[in-house]
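The following pair of complexes shares a single chain, chain A, combined with chain B in the former and chain C in the latter.
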Partner chain A sequence: MANFALFLGPALVLLALFFVFPVIVDIAIAFTDMGQTLQVKEFTTKNFERMLGGDRRLSMALGLTFIYVLGTLAIFNVTFGLVLALTTTAIPDRVGSFFRAVWLLPRMSPSVVYALLWAWVVDPTERGLLNQFINGAFGFEVYDMMNDHPMMLIILANGFIGASMGMIIFTSAIRSIPEHLFFAARADGAGGLHIVWHVILPAIRWPLSFITVYQTLSLLVSFEYIWLITNGGPFFDTTVYALYVYQRAFEHGQYAYGAALALVLVVIGIAAALLMWRFMDMKRLLQQPRIEVQ
Partner chain B sequence: MSFLKSIKITVLAATLALPTSFAAAEAFAEDVTIKLWARADRSGPMRAGNIVGAAETMNKMLAAAGSEIKVSVEVHENNAKGFDADALDVMKAFAADKGPDIYVAAHEWIGAFVEAGYAMNMEQHIESNPDLYSDMIPVLWESVSYKGQRYGIPQDSEIRMFFYNKEMLRKIGKSNDFIEGLPAAVEEGQFTLYDLADLAAEVVEKGAAKHGFVHRPNVGPDFQMLMASFGIELSDSATGKLKMDEAKLANFFTWLKYAVDKGALPKNMTSWSWDSVHQAFRGRESFMKFHGIWNVPKQLKIMELTEETYFKELGWLHSPAEKQGGRPANLSHPIIYVVSDKSEHKDLAAMLVALASQHVPNTKHAVSSGHTPIKFGQASMPEFVEDGWALRAGARLLPYATFMPNHAKIGPYNAIVYKGIQGVETGRLSPEDGAAFVVEELEAELGDEVIIVGGN
Partner chain C sequence: MARIELDNITKAWGDVVAVEPTDLTIDDGEFVAILGPSGCGKSTTLFMLAGIYAPTGGEMKFDGHVVNEVEAKDRNVGIVFQSYALYPHMTVRENILFPLKFKDIPAGRAPEMVEETARLVQVEEFLERRPSQLSGGQQQRVALARALVKSPQLLLLDEPLSNLDATLRLSMRTEIRALQRRTGVTTILVTHDQIEATTMADRIICMSRGRVEQIGAPEDLYRRPNSLFVASFIGAPPINTLSGNATGNAVSLGDSVLALLGEARGVVTVGLRPEHLQFADQGLPGRIDGIEPMGREILYLVKTPLGDLRVLEAGSVPRRSAEQEVRLHFAPEDTLVFDGASEDRLPDVHAALAEETKKRA
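And then the complex of A and B:
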């Protein structure tokens, strides 16, 4: 019992303080009328009635979130992260490290600086960096990504930063594959793509699953770059669910309604985690090893 | 989430001879700390500085009267994105029992603060100190009034209007009479908003400008003057509730679409950065811009203009009427001082506000930040005579000023209207759909706080 308290105690306290307690507070606030004065005058189910009946933005926000999470994951956080790991481990070590360091730069920049750079890059006037090339150097019409392809913009902005995490995890996983497997494959006449398909991908299956689950949950609740670059616009075109919750609660001062909306995010997050856990067979990852290492 | 930067400024003091409530303090030394909350705002640092200065003045008066009261002002500069975000932060501070004694706020929030019990009724204070307040420009009292009572002291006023470039009109062959007669034509209701869009489009078409007119790229009060031109009243005078006329809003949106379709207004205006908006006008790429009088100092500097050349190149217009014979409008958006009703030192805080709102300190703020005066007498002060020519010119526009309603929910109301503007300008919504969207959102978000009229 003493060991249990010693080893699990700190983790349980942290879990209770920063995960369980906030959810309980959120549930409590969701059943109140807390507005911009933070005062509670009554306990009510009005917030849930509004969510179910009166808020037409909800379904739009959920749909956009699905596209945003799937797009960022599929193009950048998993696929491009994997491509970066494969290419930077296939070239000489120093060059590979250099490119990985370059891709890590956005992650090391403060969020606001990174977002401001994007805002400058895609500024819809001739002053935007992109337009200085497109319009200034090549004479094409000014391109307004923020207005014409806002979803692409937020996927790019989040993907450029998100790909580096997959890159690091996959690189370390690829490096841990015993070298003799590569030699054996080469001796059997396998080409580069065959090695990727038959040797590397099976060996990094668990990191791939982990990154997919982790990044899905992370993207579901992330909105800071979207908020800073497009603020959910134009109109509601990039208002993903987490941003919608933030705007309702903190920009409009509807804390109770924001809390009710956030509960849905908690439920979606748990459902997504459980589904992926099941379909990716993550349970096997956590099984005890069948051989005992002396 | 914004974060606070705290600066503590201690001012030594002495005795009191002003309010009688302080007489008892003569017998013993007392340190009184007044907490001041002001948004960190580069365009108005003296809003906080004048209260600190007022404390110095008061302490000298106290000293002269032999009082041992020492007044300190603790300034919290809140790094909020705008006055709406700042007001919500003030609310949170009060809810956590850490509210200030005095705070600086955008006037339209006064209703929210009164309803929450965070704003002191200033009627008695103002009436019992006529020498300190009787020179106030009367129209400004409207901005601090809620349900017929005054709950704040205006700290500055301003005029928001259309700036237009006369040089561009000369380039496209307009006569001097036409150019110089535009303000009068607008005031007489002869030159309408549709004429304005046509003129802006003509300037673009003839190559004198890249853009017809530009506006702010985020939520803000500027659009209210356009709405006023279409006869949209934001509040119902009988009930004090917010109000929206769907049909008139559709007319406003129809005009916006007209301006976009004619090439007078960039359709992606709401995606621009502030820098691009400012640069478009100051860089002589845009014929017009609607914003505020505090733009003048930057215009003088960047466009290399002087007092003598400014009105030769640039002019100001109210927002013209929708139709011929209608009334034009502009907007004033005062920032105000509010004394907390929860303060333990309400009288002292109110007196600090009174001292900070006198001619000399307020003129320093007004001239340095490009705001119009709050008192009649300021216009003849040396600083205004020497450097305030633009502000004196702006004061002449005040008779057409409108104010935002002092309603607790004006923030969300503005945000919803802005979404509608964005939807229509970018072509995502038709004018009618835009108006329907705004009404639907207002009803969902504000419930019975808003009265909808003019629907189908």
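And then the complex of A and C:
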């Protein structure tokens, strides 16, 4: 019993302090009418009624979040991350490491710098990087991505950063596959794509599932780059759920309503994680430990 | 089935030369062993034949066709790796089936072929298991089945028996040899175990530091080794080697002298195999210094004026005791004499006991 406290104690304290406690506070505030003045006059369920009753921006935010998370995940964080890992491990090692380092650069630069870079890339005048090609080199009309395809912009901006995490994890997973398995597959008559399908993918199933679940959750709650690049606009076209919560609570001072919205986000996150857990058979992927612990 | 020719084949990684220019011909249906110490380039040679490594220079021919540029997947070569390299997420059945996926097999034939091959190597009871649920010997047989199922024109075995226990190794040796006879597939076995090589192969290729030292039947390598290296590598316990100065028809070794049949001058090395030395009433005097029972034979360490010699005698119980004074005899035609500098064997030179040594009672 003493050991139990000793080993799990620190983790439990941290968990309580940074996860359980904030959730409890959030639940508490969600059932009040706390506003800009931070005063609580009554305990009420009207925040939830408002959510169900017809917050038109809420349903829009939910839809946008779905597109944003799914798009970023499917195109970049998993697929493109995997493509990067596959290609940079297939080419000579030095070149591969160089390309991976390049893809890591945005992750290492401050978010504001990264956001400014995108602002310059999609600048709707002929000075923007993209338009130097579209307009300058090929003579097409100036393209304004921020206004015409804002969702594409935030998916691109997040994806270019997000892909590097998958890339790193997948690369190390591919590296840990015994070399002889590749030799055997080649001698057995398998070509490049067959090797990817029959040797590499089965070997990296667990990192693939991990990245999918982990990135889904982090995309659900993060809005840093969206806030910096489009600030949810134009109009509300890129206001994803997490950004909406932030705006309600901190820009409009509707703390109680924001807390209620955040609570729902926690529930959505848990539901998504559990669903994927079931779907991807994570229990089987997390192998049983080989030693017994009393 | 294929006849394999290597013409000046070489492989280097930067400055490291793993295989020096090598010429080699292996006949259709032959079973050869590549024998050599660790790091001598055995696996590298095998991987070049499989198309996994591209040779740095030279030409490689299967049945007269140059295959240097042919990719591994198009060579129809079966290979068993030292680590077996079974696909861990596939069952035994899926593992054996895998090579057939990339071949034109009449519809419905593939599952039958898998079962036939599984029967051949006796793993048909394990078809639904995964490699991690098999013992080393069973995994090895699955790897063999995977290599054989597509009827390869060349079968490559990279130290396939090194992970097995002694009994299993013995039975697998016989099984693999029988299997090869039945299928008639040209086979190359890589090993550093000389008994494995001599018992299984028609011919042995003895390699050392990236170079082929000698190619020949096991008997040739044992009786007529080209070099001191081959003589030392073949035979267990290893050959006794004594170095000394030769003056025409005698060589001084330690505190004594041996007569030479044939002529040699300068530094030479005389090789005496432990199994060719016999205890006798007359001959080289010595004193027993150590006794190592080896099962059906006893290995004696004997101190003689020529130097220390290992002597092998049949029997499971030592008939001699330590410190006992003995006499040793050997037949001159069993001795091997090597040039001291080049370490090449001097083919017409043999050593014999000098007359005065013989006469001493």
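For the reader, a short list of remarks on this structure follows.
Convention: the second predicted complex is superposed on the first by the 286 of 294 C-alpha atoms of A that agree within 3 Å, B and C clash if a C-alpha of one lies under 4 Å from a C-alpha of the other, contacts with A are read in each partner's own complex, and residues count from 1 in each chain.
By definition in this document, a contact is a pair of C-beta atoms (placed from the backbone, for glycine too) under 8 Å apart; a residue touches a chain by one contact, two chains touch by 3 or more.
As the structure is a prediction and not an experimental result, all values here were calculated from the model.
Taken together through their common chain A, the two structures put chain B and chain C side by side without a clash. In the superposed model, A:Ala184 lies in contact with chain C only, and not with chain B.
Counting the residues of chain A touched by each of chain B and chain C gives the higher count for B. In the superposition on chain A, contact is made by A:Phe236 with chain B only, not with chain C. Contacts of A:Glu42 after superposition: neither chain B nor chain C is touched. When both complexes are overlaid on chain A, the residue A:Met146 reaches chain B alone and has no touch with chain C. Applying the stated contact rule after C-alpha superposition, one finds that A:Ala203 touches chain C and leaves chain B untouched. Seen from the CA centre of chain A, chain B and chain C lie at an angle of 150° in the overlaid model, rounded to the nearest 10.
Here the smallest spacing between CA atoms of chain B and those of chain C, following superposition, is 48 Å. In the three-chain superposition model, chain A touches chain B and chain C at no common residue. Residues 178, 180-181, 183-191, 194, 198-199, 202-203 of chain A touch chain C in their complex. Chain C makes touch with chain A in their complex at residues 47, 50-52, 71-79, 81, 83, 85-90, 98-99, 101-103, 146, 150.
Across the complex, chain B meets chain A through its residues 1, 84-85, 88, 91-92, 94-96, 112, 115-116, 218, 267-268, 270-273, 275-276, 279-280, 408, 411-412, 415, 419, 422-423, 426, 428-429, 440, 444-445.
If you check the complex, the residues on chain A that touch chain B are 36-39, 50, 54-56, 119-120, 123-125, 127, 144, 146-147, 230-231, 233-237, 250-254.
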